[in-house]
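Both complexes below contain chain A, partnered by chain B and then by chain C.
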Partner chain A sequence: MSDFFTFSDPNVRLVTAGTILLGISAAIVGTFTFLRKRALVGDAIAHAILPGVCLSFMITGEKHPAYLLVGAVLAGWLSLLVMDYLSSRTKLSTDTAIGAVLSVFFGAGILLLTSIQHSGSANQAGLDQFLFGKAAAMTQRDIWVFSGVAVVLLGLVLAFFRSFKLISFDPAFAKSIGLPVRRLEFLLSTITVLAVATGIQAVGVVLMAALLITPAAAARFWTDRIQVMILLAAAFGLLSGLFGSWISYTAPSMPTGPWIVVLLSMIAVVSVVVAPKRGIWARLRLQRSNARKIRQENILKAFYGIGEAADAPVATVAVDMLRQQRPFEDIALQLGLRELVKKGLLHKHKPGSYALTPTGLQESRRVVRLHRLWELYLTERMNYAADHVHNTAEAIEHVITPEVEAALLRELDHPILDPHDAVIPYQNPSKPSAS
Partner chain B sequence: MNAFWIILTGALVATSCGLLGTFLILRKMAMVGDAISHAVLPGIVIAYLLSESRDVLPMLIGAAALGVLTTFMIEFLYQKARLQIDASIGITFTWLFAIGIILISLYAGQVDLDQDCVLYGEIAYVPLDLWITESGRLLGPRPVWILSGVLALILLIIILGYRGLKITTFDPEYAAAVGISTVFWHYLLMSAVSVTTVVAFESVGAILVVAFLIVPPATAYLLTEKLHNMLLLTVGLGILTAVSGYYLAVWIDGSVAGAMAVSSGVFLLLAVLFSPSTGVLTQRFRQQAIPVPAQGYKER
Partner chain C sequence: MKTAIETHNLTVAYNRRPVLWDIDFQIPEGQLIGVLGPNGSGKTTLLKSLMGLVQPSSGYVRLFGQSLDEVRSRISYVPQRESVDWDFPISVREVAVMGRYRKHKLLGRLNKEDHRLADEALEKVGMLSFADRQIAQLSGGQQQRVFVARALAQQADLYLMDEPFAGVDAASEEAILSLLKEMKQAGKTVLIVHHDLHTAHQFFDWMVLLNTRLIKCGPTSSVFTADYLKQAYGGQLTILSQVSDLVKARDFPIRERSFKDQPK
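And then the complex of A and B:
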């Protein structure tokens, strides 16, 4: 491991520098590809580049990376035009257009490639690096070309950052403020084709889509800001490039490209699961805490209802009475009661019977108040029939914030009775609002 | 004779793929088919390793399992993680394909698969892989028999399940309302796509199988409005593609599968330009030649 990370071996330096450069530039460009929901277009471009590469070799008879790049970019561009044409001018759907262009262009590339190989041209060996990538066999010349491309890409992204951001999020708005949307899209597409045409040499045709979009998709889970997203995506690209080269350095039989992609996918999966707010785990926790809140508030309401009917707010209530008041699920009821005792809103007198504590009474009054206020609001201000408002109020009472409550009270002028003539309970029952 | 076997193989692949692809593109799932065709790779390698042979059955099971896993992962990323659909598809298949390539490198000695073959197959070797019975009778190339079996299976599914497939394709809500399980037909279709992909793998590879899945049905879609006709047209186009592709490959001296993909593209291009109902040039020609009659005449 230390051998690798000192970067004393010039070959290690080359390979690592190359994969990192390609990883970072693909990730940065890919962020826009991802935001414009064109991930699979990137995949199609990667496949469609092949015939361009072969033709440029057939014409020049050379394998200079710069020549091949020109052929690749032209073919990538043509494929974009054809995809746009098919999906906008024929009745084929976008994904059919992408799939058709991808496979036909690639087929043409394979046909040309095999034809070149069969022709016995001495110079052709190595053209298939475009199929599988050749991270481990990069030369000084490749690195110069890649660095040049990376600098151009970064420069363009920096220079046009604001415009690219606008056309990614809201092309209609961009147009309305007078941006040359079509020209900018052309530029952005060209940058994408360029990033694909270079990146493909690290990971190959099939895996190129991953280099482009997986870092961006992973970054999306951590942030809502595009600047942060680009930086994160670039960092993911860098890390996977670094460790991908390290793995194939320590185990020479291991291919670099696929490992880069596997590492990227792992980063994405971790992000999907643990990222705060957008991650699956965070969302599950939020759902569970909402479910708990609703469960507890419904039990408190049942207590209040029983107390109101008996005119004894803090009387001891048996669990069976709660069930009669409201059809609870058994497990939910037991769980909710235990949670409420723990929070000090209920106390348990003997097994199976409970009473509200003073804070519990306050809390139950709050929930019932919100329910009745909302019912009143619906009948008075929204012209609902009184017998149609209960279910809506059941749902919304759990999410009304104190600010909304204050607004409702102002709007309805501190009412006393709800549409069903039940008393709306206020925090301090001894002095209801002036009537 | 070799030419006959190669063309027959191509036509069988084209027919099987085209029939399934028709439903894929009508369901707007063309790229899911693409993803499955790549993602079955680790399934094939694992089946190789476990069964230590090239038996068909373990491979088909491995493939079907991976196909369902792919669909499941895409659905998971899309619905549970709320990732956009293109990224869900892209991440899933690249990940599985990368794992497949790593497995091939890891067990290079034990797995008789190389990377070239994975990408574009080698249909020209089909006539060499002969099936000889124990009594020494020559039954022709093995892949042809396997492909015929799969085609029979697909025909059976489509004929017996025509109603279910059709209704869940065109009107999933109605299907659910009359008690037809969209989930069942979805996963059945996906399993059939994975099985077909694997069988076609050796002869045309992971990417060109997509050409057969998508391009002939897309061409047929431009030519007709009826599902029934679309299926028949797709089969016809698939066979035409196989024949013309073979001779193109002989002419250029290149990969047969690649040439077949190119010729399928040529048919698509012709349909885009000259389709009687929707062709670009047909419409332009019609606009110039025939004056559109006015709806009634106004008084002047």
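And then the complex of A and C:
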């Protein structure tokens, strides 16, 4: 491992640097592909490039990277034109057009590849590596050409960043202020084709879409700012390129390209799970905290209900009384009671017997108040029948924020009774009671 | 009064089906103009062809007596809110400052003045305190106000707005409406595609009533009559729509080749 990371071997240094650069440029260009919702198009372009590469080899008889790039770009562009034509001029839907172009071009590419391999050309060795990439087998000349292209692409994206952002977000507005939208889209598409054409050196035609789209998709989970998103996507491209090269260096039978994609996928999976706010983990936690809140507030409500029925604040309440008041699940009830004691809203007298603390009493009044306010709002303002509002209010009482509560109080003018003639409890019971 | 907008024989077809047919009208400067008509009557298409976003099959548009390209910097366009992806990762301020982009500054940077004008526009629609929020976190009405702010930042003389009141809460409606009045006082012309007949006659002082063809264009009092509204909304145009269907089904051209468009 240390061998690799000292980068003392100039060849390792070069291959790694090249791979990283290709990864970064694909990730940054891919951010716009992702934001314009054209991920599938990116995949189709990557596959469609294969026949171009094969043809340029058949014509020139050489594997010079510049020739291969020209072939790749021409084929990529042709595929874009065909997709556009099919979806705008025929009755085929866009996804059909993309699928058709992908498979027809790729099929043609495989056909050409097979015929090259059977032609016995001395120079043909390694052409099939376009399928899955050949990062470690890149020659110095390859690396210089492809890295050069990658740097140019990065420069272009940087220079046109503002315009690309606008045409990705709102192309109609961009056109209305006179931006040359068609030409900018042409430029962005060409950049994408070039990024794909260079990227397939690292990961190959089949996996290219992953290098283009996955970094952006993963980055989107972490941020709401396009600038941060692009930097994150670039960082993901960099990391996967670096560690992909490292793995194939330490375990020589391991291919670089597939490893890069595996690493990117791992980054994406981690992002989907742990990213704040958008991640699965964050959503689960939010749901759990909602469930906790509902559990606790229902118990508080039961305490209030018992006190209300007795027409006097009850000193202590046995757990059995709570069960009679409301059909709690046993585990939830025990859990909720413990949480409430911990929060200082309940006071445990002896095993199986609890009392509300002063804050607990306030809190129980609040929940009941929200329930009854919402019932009143539904009957008074939304014309629901009084016997139809309870179940809705059972759910809504837990979501209402202090701002909404204030709005409800204003709207209903601090009402005294709910639709079932129960008293709405206020924080400082200064309002005259109904009885 | 000078003319702000005029169209001549404006005809637009989508997939060969005519959506606007021979529209001719003139609108003076300094008015709040409502474009009204039933669903699918070509309101949005009219706006898009004024803005050069759809290519007319025939006819032409003049803004302030000139072609669009000559006066583009004086025109501002507010697309329908649903036309963009509000989950796009940018902030409110970034959207507003897009109103300061210029075609000859494709690569150049925005300067302090641009940012100041964008913030000022956000202030006017009451969205400055949301400037750093991501746009997905806004309500529909707030998103619409951000779009209006972007248009204000353009500092144009003619504003073309597509359904700015659709799906908008009361507070946003009020904010936009009072802004429109302010703009009118400043001598701006505002053309608005609107769907709600109940509010239309209070909002606008001029109206364009459409249903594929032009029903009537003029001051509200002369257009907003039972007779014209019935023509726009009530009457079934069976023969006209039959012919539209024919044109589409047979892939017919909407104009013959000899037709002359613009007088040069």
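One rule holds for everything that comes next: the second predicted complex is superposed on the first by the 384 of 435 C-alpha atoms of A that agree within 3 Å, B and C clash if a C-alpha of one lies under 4 Å from a C-alpha of the other, contacts with A are read in each partner's own complex, and residues count from 1 in each chain.
Criterion: a residue touches a chain if its C-beta (ideal position, glycine included) is under 8 Å from a C-beta of that chain, and two chains touch if they have at least 3 such contacts.
This is a predicted model, so every value here is computed, not measured.
Visitor: On the A-aligned overlay, A:R372 touches which partner chain: chain B = first, chain C = second, or both, or neither?
Guide: Neither partner.
Visitor: Taking the superposition as given, does A:K134 touch the first partner, chain B, the second, chain C, both, or neither?
Guide: The answer is neither, since A:K134 touches no partner chain.
Visitor: Answer with first, second, both or neither: which of chain B and chain C does A:L102 touch in the superposed model?
Guide: The first partner, chain B, only.
Visitor: Let me test your reading of the model: by the given contact rule, A:I177 touches which partner, first (chain B), second (chain C), both or neither?
Guide: So A:I177 only meets chain C here.
Visitor: What is the contact status of A:K301 with respect to chain B (first) and chain C (second): first, second, both, or neither?
Guide: Neither partner.
Visitor: Which one hits more chain A residues, chain B or chain C?
Guide: If we count touched residues of chain A for both partners, the winner is B.
Visitor: May I ask you to decide whether A:S168 touches chain B, chain C, both, or neither, giving the answer as first, second, both or neither?
Guide: Second partner only.
Visitor: So which positions on chain A get touched by both chain B and chain C?
Guide: Touching chain B in the first complex and chain C in the second, residues 37, 220 of chain A appear in both lists.
Visitor: Quick one: in the complex, what on chain B touches chain A?
Guide: Going by the criterion above, the answer is residues 25, 28-31, 33-34, 38, 77, 80-84, 86-87, 89-91, 94-95, 97-99, 101-102, 105-106, 108, 115-116, 119-120, 206-208, 210-211, 213-215, 218, 221-222, 248-249, 252-255, 257-262, 264-265, 268, 272, 278, 280.
Visitor: Which stretch or stretches of chain A touch chain B in the complex?
Guide: 34, 37-40, 42-43, 47, 86, 89-93, 95-96, 98-100, 102-115, 118-119, 128, 131-132, 205-207, 209-210, 213-214, 216-217, 220-221, 253-255, 257-259, 261-262, 265, 268, 272, 278, 280
Visitor: Could you please specify the touching residues of chain C with respect to chain A in the complex?
Guide: 48, 51-53, 69, 72, 75-77, 79, 83-85, 88-91, 94-95, 98, 101-103, 106-107, 110, 134, 136, 150, 154
Visitor: Enumerate the contact residues on chain A facing chain C in the complex.
Guide: Contacts found on chain A: 35, 37, 159-160, 162-163, 165-166, 168-170, 172-180, 220, 223-226, 229.
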